[in-house]
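Some structures are shown below for you to check.
First chain A sits with chain B, and in the next complex the same chain sits with chain C.
Moving on, here comes the complex of A and B:
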């Protein structure tokens, strides 16, 4: 019974269906319960929260990641699935604290100064939340000093920066320098992403990782997290 | 966009011959092909012209039955003659259907409107009265007002009415594209609950590369609020444009319709 419910949640993440009125990737699903309804149901039936997140949402999103990588899924399909995870997480969030489930870590995310693009950053945020991280989104057009102050106050383990423009990517560099000057650089692992940047650029400015898309961002975060433990 | 397949129309010679010779298989083939191509409704028109007017009710009845043998898609009964529509309705099995068409011409509006109300059918209403297609937006809207008043009085709801703003060939009057589009826009703003429909091909009459013109016009009409279109669904390029237009006008959440059509391999760029 529980297994059925979890696999239904997973299936609806793959289909990208939040509610019962939603279409899915495949045809003919309108009217069947979506991830929100199923998550509510799982909560009332007392299904283990970690199971909902791991076996339902995360396993579903992993498959979405594979489908996106192979080109079977396009951006709107992936977005619909990410939003589905986001909606389910919103339902679960009030229950997480009481149940004693620990976050995998806290990450601050921001699109850097002069850059108003936030779609990619938002996708990454949803995927990271779904993967069990606590995400604090500073927004877009965020100056280096603002990021430094936020790092000082929030004490995150990770910082994620996004830049879509070749004219704004320089601010990633500036932010890292500002963190170094404030003595905070060693306190956070920094990952960057966005159309303007690359693995080489990440290395050149001394970031800890580069993600070409949201799924890679999650993988890199998990890898960095494991390296920190060791 | 609701797709109404236009291919079973007796004004097409091969269709007329098939109707005369009661070539069930040929007509059923046309129906099947349109359904496969994505038609939501199948229009049936049995009007063979003078000489066969008395036989038409029986002919229409036969045609409706023949087409319904091979598809569950709803039909559009295409006739302006109440007795022909009545014959079609007698043979029609199925819930939804559409009647094509009424105008503001009072007698037919009343008789066909009553038939539609009794059956709770959707009705295509041409934005014209007894005097042919008006050349101005105001006159076309006046016809719509009369039709709306009468049909709702007879017991139909606004959402059951599909107004056709009508198209005159752009080759004859270069303003006619805008007249149709403005009329369409005005209908949507006066009667938000009502639907709109167009047969596209008239716009390009008398010009070369007609399909190009029809496609361009479809995109503009989609922006102006078009809900349904009467066309040949086997025109895959046009059908591809419709998928793109639905997506671009916000009718396709998560671009599902577009990407699904792409997966099925039916989009052509």
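Moving on, here comes the complex of A and C:
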């Protein structure tokens, strides 16, 4: 019974179905419970949380990753699945703390001041959620001081900033300086991305990582996380 | 006199009833789900004119939900001018954009960060060291004021390039957000006598830019008759959100009655439906709401219907200009603008690839031909743009000029008259009476009248493709011509009265 439920969760991750109204790849799925409803059900039935995460969500996402690697899946498929995992994780989150399971970490993401470009940042957020991070999206056009306050309040392990304009990338630098002045710089690892910036720029402003795309962003976050453990 | 562009018999992709259906769908979108507006003045203006406006709680930003009734849109379409004049330093270069007339002009565009130089390098064959070939290699540089000046200089001398829309983002060390606008407009205006169009980085610089344009046009009244500059604003962030700062810019420009492009650039599959009908209904709604705003703040304000619909790539969700859907979306938008009889600022000629070559040529020629056939009044992005608008390459712009001249030649109206037919019949009879049976004698007058297309100017005679090298030579030739700078007293006055100009630009 539990195994059936877990494999249904996994299947819905592969199909990228959050809720019952969603379509998948196969015919006739609309109306059948999606990952959210199934996760709720698993919780009520007392299924082990780690099993839901590992055997349902993560296994599903691993298969999606393979399908993407082999070219069977495209980015929209990947994002739909990652979003599905993110939605299920949101349902599980309140229960994780009680059971001692930690999420991979919390990241605040923002497009910096003066910049409204957010497609890339939103993709990165979905992928990070799908990879098991808790993501708080501050939005776009976010001033350094607002980010500092959010870091103080939310105490994330990571901060992600995105910029697409050459005129706004400077605010990444300003934000890092403002964090330093507030004594918060060593509390967060900072990763940046967006078409305006580069690896060299990241290094020059003292960021901890640069993501050329969403997948690289996830890899870098995982690496930073491992280095923090060590 | 004005630049004539090319008059086309428009290709109608959508049937009249489909145009009407899309119009209705756009109205439905404007009513439900409506528009999210992040600009207070715009929300107030719409509320004053009968839109339903309610505040939306949003952390850190003021936001309103607008439901726009049909009347606001139909009134705006009525009052927006059907003919917009884009002036020029040399008034013979002005453009009269008439929403009722499918006459196409070509302009550059984008604010590309990169400038791609084409160098020539000699390569020796490993197998046979006697074989040495010159091959183009590419070097990515940053956009600077000098390079912007070069691009404007090229524009001046390339015949198909009807209007200069800033090509590169100027990133010199002495350029700041506060002096960028005056310097980019100055450099462009000082190097071409054609119409100059650009976005504005800082609204606070609007009055300085306008002051400069008044001086260059010969006074405020002359500027009204001959607006040597115009502005582009992306009022909308797709889907359906009115952005605070660009909306404010649109309001200010419209109030001053300066020609303004209301442009929207949704990406089918990420920020708009990927389906043709859904994409066009959404972008049309987005442009209409921007146009409505201009008409509510200043009835009759000159405005262009700016459609820049693109499709998202499925492998990385980047924007794509090379796919066929790009052309379908754009052609449909031209038809929507024509339905409203508004002059259309359309899009074509960009490649997804980073360097000139086969892919670049196929992608850009595809849209150069198809979007021209649709008959918009103005096609932007048409020169030199690579890497999804992130790179401008001057050599590519030289190629584009040639390719556009071929497209223009192709779309010209056929001349079939009783006189011509009888002349042709006469030719056939005469040639059939000769022993050689060749028509060559009869091409001579057509050859001299310009009716016959010349051969491809960058053709290679041997087995190595030298297109880029030849285009590069042509570019060098043009750049060695003296630039069309403004008269000294005008430049002096501009420098005296407009703050922020870099003194090093005086002679450039």
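Everything that follows uses one rule, which is that the second predicted complex is superposed on the first by the 190 of 230 C-alpha atoms of A that agree within 3 Å, B and C clash if a C-alpha of one lies under 4 Å from a C-alpha of the other, contacts with A are read in each partner's own complex, and residues count from 1 in each chain.
The rule is short, and it goes like this: a contact is a pair of C-beta atoms (placed from the backbone, for glycine too) under 8 Å apart; a residue touches a chain by one contact, two chains touch by 3 or more.
Model, not experiment: these values are computed from the prediction.
On the superposed chain A, the two partners chain B and chain C do not both fit; they clash. When both complexes are overlaid on chain A, the residue A:142 reaches chain C alone and has no touch with chain B. Once the two complexes are overlaid on the shared chain, A:66 sits clear of chain B and of chain C alike. When the two complexes are overlaid on their common chain A, residue A:203 makes contact with neither chain B nor chain C.
Applying the stated contact rule after C-alpha superposition, one finds that A:25 touches chain B and leaves chain C untouched.
Taking chain A as the reference, the larger set of touched residues comes from C, when chain B and chain C are compared.
Once chain A of one complex is fitted onto chain A of the other, the partner contacts of A:76 extend to both chain B and chain C. Of the two partner chains placed by the overlay, only chain C lies in contact with A:195; chain B stays clear of it. Contact with chain C, but none with chain B, is seen for A:167 once the two complexes are overlaid on the shared chain.
With both structures placed on the common chain, the touch criterion links A:116 to chain C but leaves chain B unconnected. Shared contact residues of chain A, touching chain B in one structure and chain C in the other: 74, 76, 79. Taken together, the chain C residues at the contact with chain A in this complex read 59-61, 113, 169, 171, 177, 180, 201, 237, 243, 267, 269-271, 313-317, 390. The part of chain A that touches chain B in the complex is made up of residues 16, 22-25, 27, 74, 76-77, 79-80. Across the interface of their complex, chain C is touched by residues 74-76, 79, 116, 119, 123, 138-139, 141-142, 146, 166-167, 195-196, 213 of chain A. Those residues of chain B lying in contact with chain A across their complex are 253-256, 259-260.
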